[in-house]
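Please go over the structures that come below.
What follows is chain A paired twice: with chain B in the first complex and chain C in the second.
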Partner chain A sequence: MSQTSDISTSPSNPLHGDAGHGGDHHVHDPHVAHHFDSMGQQVDAGKLGMWVFLATEILMFGGLFCAYAVYRGNHPEVFAYAHHYLDTSLGALNTVILIASSLTMAWAVRCSQLGKQRALLICLVLTLLGGFGFLCVKTIEYNHKAHTGKWIGSANMYHPKYVADKRDEKGKLKAPQEKNEANDAKGSGEAPVGGGVTTPAASTDGPDRSAIAAPAAGPAGVSASILDEDHAKAAHAAGHTMTYEDLPKAEQERVHIFFQIYYLMTGLHSFHVILGMFLIFWLVVRAAKPGDRKWIVPLFPAAMGLFLVYVGIVTHSTGVMISGVVIAGLLGLYALWRVRGGAGESDQAGDFGPTYFAPVDIVGLYWHLVDLIWIFLFPLLYLIH
Partner chain B sequence: MTTLTTPQPDLLRAAHYPSTGNYLTHRKGPLSWLITLDHKRIGIMYMIGVCFALFLGGLFALLLRTELINPTPTFMSDANASFNFYNHMFTLHGAVMVFMFIIPAVPAILGNFALPIMLGAKDVAFPRLNLLSFYLYALGGLFFVWVLLAGVLNAAFDWSLAGGLDTGWTFYTPFSTGESTKSAVIPATMGAFILGFSSILTGVNFVVSIHTLRPKGMTWFRMPLFLWALYGTSIIQILATPVLGITLLLLIAERSLGVGIFDPALGGDPVLYQHFFWFYSHPAVYIMILPAMGIMSELISVFSRKHIFGYKFIANSSIAIALLGFLVWGHHMFVSGQSSLASAAFSLLTFAVAIPSAIKVFNWLATMYKGNIQLKTPMIYAMFFVLLFTVGGLTGLFLGALAVNVPVHDTYFVVAHFHYVMVGSMMMAFLGGMYYWWPKMFGRMYSEKWSIISSIVVFIGFNMTFFIQFIAGTQGMPRRYASYPDNYTTYHQVSTVGAYVLGVGMFMVLGNWIHSLRKGRRAPANPWGANTLEWHCSSPPPLENFARTPVADDPYNFKHWHWDETIGGYIHDGKIDPPRKGSGH
Partner chain C sequence: MSQSSEHHDTAGHEGFHPHVVSPRVLLTVFGILLVLTMLTVAVTKIDLGKLNVWIALIIAVAKAGVVGLYFMHLRYDRPFHGIILVVSLMFVALFIGIALMDSDAYQPNLQGKPAASEAMP
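The block that comes next holds the complex of A and B.
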C-alpha cells in the first residue's frame, strides 16, 4: 500500500471536471485528477462535458418551447388575451437582474483568471444575490396570481374543473390579502372594460366571489371583480380592448393553457436558477480562504431561510415564515459561533487562481445558459402583441 | 491492508486506485464495489442490474404467452373477468425491457467496460458521474419494482388502491391521464424519468471520453467501430432523452395538477404527447440498435480474421443513423390523424434510414467474404444478428410504407417486427458481445460446446416465437388483447411454445456463464486475436488498465497476432505497421 499516497488524488468531480482539492499527488498539479494526463486535457473534458450537458438542457426546455409554439400557433387569441395578466415591469426587472448577474459571473471568471481573490468573492456573492433577487420578484408574481385565481392546474379560474372544485378552492384561496384586493378593486370603481365583462360563463367564478357575495355558483353578472380590474389594467397597457368575451367559445376554454405553460416554463426555469445558486455557492466556498470556509458554509442555508421568511411575508403564510426564521436563526447563530470559535488565521488562498479556474468557468457557462433561457422566456410570455 | 468497515472520506478517495491485483481482486468486500469509481466495476454492477431486469421482463413475457395459449381466459382474468393483470404485464414487460434492459444493456455494461480500455485510458472522463448514473439506474429500477408490486397487489387482492400500470409502455394520453385505476402512472413515469437521466449521464461521459481521452495514434478514423457506434448512441442519448424527460414531467403535472396540455377535455392536444414521446422513443430505437451494430463490426472482423471492409462507410453510417433517426418519429403516428403530407414525408425519411443500415449489412458481408471464418460463439451470434436484423429491418420498411402500415397497424406484424430488431438483433448482439468480452471481464473461458448449443436453442426459440407472429399479424391479430377468435389459436400456441424454448435457451446461457465463473479455465490476454487496445492488457485488466498510455494501431490489423497453443490464445509479435494509406484524418 506504499503507493496509496501517490495515487490518491481524487478523480474529477462529475460535470465540472475539476479535481477535488486536497489531493497530495507529488508529480502532477493536485487539481488534476489521476486519470487525466494534463491540466489541459482535464479542462477540455470539463468544458466539453458542460457544453454537452447544456445541450441536454436546451433540448429539455425545447419540449416546452415546442408546446408553447404549438399552442400559440393554433390559438393566438388565447395568448394575446391571457398574457396581459403577466406583469411586464416585474418581468423586465427580473431580466435586468439576471443580465446583471451574468455580468458579475463573467467578471468572476476574469477575476479568477487574474488571481484577484477578493474581487472574485465579491463577484460571486453579487451573482448569488442576483439569483435571490430573481426569486424574490418571481415570488411576488406567483403570489399575486395565486391570490387572484390564476394559479397552476385546476386552481386557475379558467380551468374547466375550477367551478366544480369551487368549494375546495374557495377555502384555499380565501386569503386575507385577496379580500383587500377585491375590495380595493371595488372601491377604485374602475369601469369594467368592454361593457362590464361578465367573466367566463362556465368558469366565471373568480375567487373574489367568496369575498363579495353570491354564495351560489351563479355564473352571470360578476362585475366588480379582480378579473375586471386586471382587464382594465391589461387593456389600458395594451392600448386596446380585448375581453374574455371577444374570444371564441372554444378559445375561452383554453385560456388556462396559457397559464399552465407559463407556470411550467418559468417554474422549470426557476428550478434551474436555484440549482445554479447552489453551484455558485459551492464556488464561493472554494474561493474563500480555507480558514474561513467553516463559517461560510452555513451561511447559504441561512440565506435560504431568510428567503423563506420573505416568501412567508409575501404569501401571508405564518408557517413558512416561522420555519424560515428558525432555519435562518439557527444557521446564522451557528455561523457566528464558528466565526468566534477560533478564526483560523491561515494565509492560504482560495482554490482558484491563474492556473486553476475551470470550475468558475464551467459554472459560469451554466449560469449564462439559465440567463439566456430567461431572455427567451421574457418576450415570449410577457411581450406578446 | 485497511479493513473495509465504515466509509471514511480518505477511503472514498484512496480505495479506488491501490496497486495490487486486477480490478476484480484489488479490493474485497461489498463496500469496495458500492463506492467504486472504476469503470469496469461499474460495468459489472450494471450487468447484474440489467440481467435482473432481463429476467423480470422475460418472466412477464412468459406469463403473457402462457395466457395466450388459449383463446379463452387462461389464468389472468380476475374476479370481474377483466384482464387488468394482463394489461399490467404487457405494460411492465415493455417498460422494463425498454428502459431497464435494451437501452442500458450494451452502452452501460459493455460500453462502460470496454470504452476506456479501447481508448487506452484509465477511466471514463467523469468517473463519479459514471457511478451516479449507475445509482440513478438502480433508483429508477426501484420505482418499477414499486409499480410491479402495486399491480400484483391489485390483481391478487383486488386492492384497487394499489392500482397498477395498464397504459402500455408508451404512457399514451389519455390512457395515462384517465380516472381509472392507474395510480401507478406517476411512479412509473418518475422511474422512466430517472432512468433517462442515468442514460443522459452515460452519454455525456462517453462523448467527452471519446473526444478528450483518445491516445496517440488514434485519429477519429482509426477508432474501433464499436466506439463510433457508442458515439452515435451517445449523441442520441444526449439530444433525445431530455425531450422524454420534459414529456414525462408534463405528464406528471397533467396527472397531479390537471394542467391539461395533453387532455382534450381541458383544451389540450393528446397527439402532441405522441409527438413528444416518439421524438424520444424513435431515436431510442437507435440507442438500442447502434451499439449492437458496433459490436457486430468488431466481431465479424475479428472472427473473419480480415480487416473490416468499408471502415469509413460503417463509421459514417453510424452517425447518419443517429441523425436521420431524429427525423422519422412520425411513422409511429400514421393513424393518429397527422396530416397526410407529414405522413408521406416521414415515410420517405424512414426509407432513408434503411440506407445507412444496409450499408452496414453489406460491409459486414463483404468482410466475411473470403475471410477465414472461425465459428466461435460470438461469431455465431453475429451471424444470427445479420440474418435476424435483415428480417427485422426489411419488415420495418413494410411498416414505413403508408399503404402497408395502415392495415397492419397495431397488429402482431408490428410486434414481430420490433421483436426481430430488439430481441433478434439487439439481444443477439448483446449475447455475442458478452461472450466476446467475457474472458476479458472475468479472466475465464467458457464451455464453447455448451455456449454454441445454447445459442442454437435461443435462435430456434426466438424464431418460433416471433416469425409466426408476422403471419398472425397479416391475418389481422391485433396486439395487446388477452383473448382472441379461435382461428388464431395455432399461431399463438406455436408462439407460446417458442417462448418457452427461448426461455430455456436463456437459462442455458446463464448456466453457462455461472459455470464459466466457477470452473472455466484461465483466459489468456487475447483469446481471439483481436487488435483493439483492450486485448493488449491482461485478462482481467489491472486496475488502471495500462501502466502508461499505449499507442494505438489500426484496430483491424490482425497480422501481428499469432496463435500460441501453449497459452490457448494469441501473442503479438511486437511489430507495428506504418499507418495504412488513407487511414489517417
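The block that comes next holds the complex of A and C.
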C-alpha cells in the first residue's frame, strides 16, 4: 500500500512543481511522455485505462454469458445432451496450458521489473508458445466437430443452402401463427398445405426450420411450445444413449443452438488469444536486443505459417497447408537474408527494465483476462452435469 | 519494494516503486490454480443435482479471484482498479439476472401448445 500513497503525492512533489514542462527529467528519461509529471503517474494512467478496457471486455463477454444462461435455463436437457460432444480432457488440457502461460506472463512482468533481460525474453516466448498450444488444441476440437456434422454452417439459417429457401419463406417467417399451423398439421400426421408453401421440399422442411428460427429470434422459451412433444419425449426416454445422428431433425437443430453459443463464446475467446499473441510478439521484439530484432521480426509470421500448416494437416485441407508452407518458407528465407545482410553490431539491451515496463505489465493484464474468461468458459461449457 | 529506486538516479522516478511479485507467490498461485482445475473436473463426476453448477461457478470465481489478486497485481495495486473490475462484474450479474427473470416470467405462457398459440398475437 505504500507505493499507492507515493504515486498519488508525486505530482505535488516540489521537484516537479518547479521543473514544470521542459524539465530536465524529460531529457533523462525518454519513456515518460511530456504530459506526465512522473513515471508513476504515467504508469498509473496507463493501468487505469487498461482496466477500463478490461471492464468493457467483460461486459462484451457478459452478453454471450447471458445468451448462454437464458438458453440453458430454458433447455437444460439440450445442454446436458450436447456437452457430451465436447472433449473434457482436451478442455482441461487447454485450461492448464492457459494457466501455465498466465504464470509465465506474470513471471515476465517480474523479470522486466527487475531488469532481467534474458529471462524476460524466455518468459515471453514461453507465453507465446502457450498461445500456440491453446490454438492447436482448439483446432483439433473444432475439426472433430466439423467432421461430425456439428459445425456452424449446416443448420444455420445463413448457410448458402438455406438462402434460396429463406427468400421463399419470408412471409412465413414473419407470421408466427403459420408456424403453428404447420406444426399442428405435422402433429396430426398430415402434410402442411397452407402458409404459401407449395414446393414439397419446403413443406417437409418447414416445421423443423420454424423450430430453430424461434429460439434464435424471439425469447428462447418460445421453442419449447413449438417443439414436437413426441420428439422431446423420445429424446428424454433415450437419454444420452441417443447419438446425434439418430436425433430427429428438430432436436438436432436445437443441439445446434448449443453449438452456436459454444462457437461464439470460444471463437471470440480464441480471437482474443490470437490478438494477445500478436501483442506478446510485439513485446518479444521490443524486449530483444536491437541487433537481434532483424531475425526475430519475421519469426512470428513464420510461426503463424507453420501453424497454418498444422491446421491444414488436421483439417486435411491442402489449400491451407500450402499457404502455410508458402508463408513460413518465404518469411524464413527473408529472415535468413536479413541476418546474412548485416552484422549485428548493436549490443544494447532491450527496451524494458526497472524504469520502464508498462507495456509488459499492460499486455500481461490483457493475457490474464483471456485466462480469466477461459476459467469461466471451461466449467460452463465442458463440465455440465 | 525499494530495490527499484536504487537502480536508477534519473529524475521523474521518485515515488515509483512498483511491487514485484515473488517467485514463491507466483508458483503457489499456479499450484492453487492447477488443484482447483482438477477439483472442478473431479466434482463433475459426483451427482449433486443443481448444486453442481454452483460448485463449478464458485470454483471458477475462486480461480478468477486468485488470478486477479496475484497475477493481475490487484492485491498490490490501487484499490480503484479492483473496484472497476467488481463493478463490471456487478453489471454483468444485473444483466444476466434480469434477463433470466424475464425469461422465467414468460414460462407459464409457454408450457402448453394451445396456450402458446394464444399467447402469440
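Note that in this section the second predicted complex is superposed on the first by the 257 of 385 C-alpha atoms of A that agree within 3 Å, B and C clash if a C-alpha of one lies under 4 Å from a C-alpha of the other, contacts with A are read in each partner's own complex, and residues count from 1 in each chain.
FYI, a contact is a pair of C-beta atoms (placed from the backbone, for glycine too) under 8 Å apart; a residue touches a chain by one contact, two chains touch by 3 or more.
Here the structure is a predicted model, which is why all the values come from computation and not from measurement.
Residue contacts after overlaying the shared chain place A:T318 against neither chain B nor chain C.
When the two structures are aligned on the shared chain, A:I257 is found in touch with chain B, with no touch to chain C. Look at A:V70: by the touch rule set out above, it reaches both chain B and chain C.
Of the two partner chains placed by superposition, only chain C is touched by A:V32; chain B is not.
In the superposition on chain A, A:Q113 makes contact with chain C only, not with chain B.
Applying the stated contact rule after C-alpha superposition, one finds that A:A100 touches chain C and leaves chain B untouched.
Look at A:H385: by the touch rule set out above, it reaches chain C but stays clear of chain B.
Considering which of chain B and chain C touches more of chain A, the answer is C.
In the superposition on chain A, contact of A:F357 is made with chain C only, not with chain B.
With the contact threshold set out at the top, residues 3-4, 7, 9-10, 13, 15, 23, 37, 44, 48, 52, 55-56, 59, 62-63, 66, 70, 74 of chain A are in contact with chain B in one structure and with chain C in the other.
The residues of chain C lying in touch with chain A in their complex are 1, 3-4, 7-8, 10-21, 23, 26-27, 29-30, 33-34, 37, 40-41, 44, 47-48, 52-53, 56-57, 59-60, 63-64, 67-68, 70-73, 76-81, 84-85, 87-89, 91-92, 95-96, 99-100, 102-104, 106-107, 110-113, 115-117, 120. The part of chain A that touches chain B in the complex is made up of residues 1, 3-4, 7-15, 17, 20, 23, 34-35, 37, 41, 44-45, 48-49, 52-53, 55-57, 59-64, 66-67, 70-71, 74, 152-154, 159-161, 250, 253-254, 256-257, 260-261, 263-264, 268. For chain B in complex with chain A, the touching residues are 1-2, 10, 13-14, 16-19, 37, 121-123, 125-129, 132, 200-201, 203-205, 207-209, 211-213, 238-243, 245-247, 249-250, 253, 256-261, 265-269, 272, 276, 544, 549. Looking at the complex, you find that chain A touches chain C at residues 2-4, 6-7, 9-10, 13, 15-16, 19, 23-26, 28-29, 32, 37-40, 43-44, 47-48, 51-52, 54-56, 58-59, 62-63, 65-66, 69-70, 73-74, 88, 92, 95-96, 99-100, 102-103, 105-107, 109-110, 113-115, 176-177, 180, 183, 219-222, 224-226, 229, 353-355, 357, 361, 364-365, 368-369, 371-372, 375-376, 378-380, 383-385.
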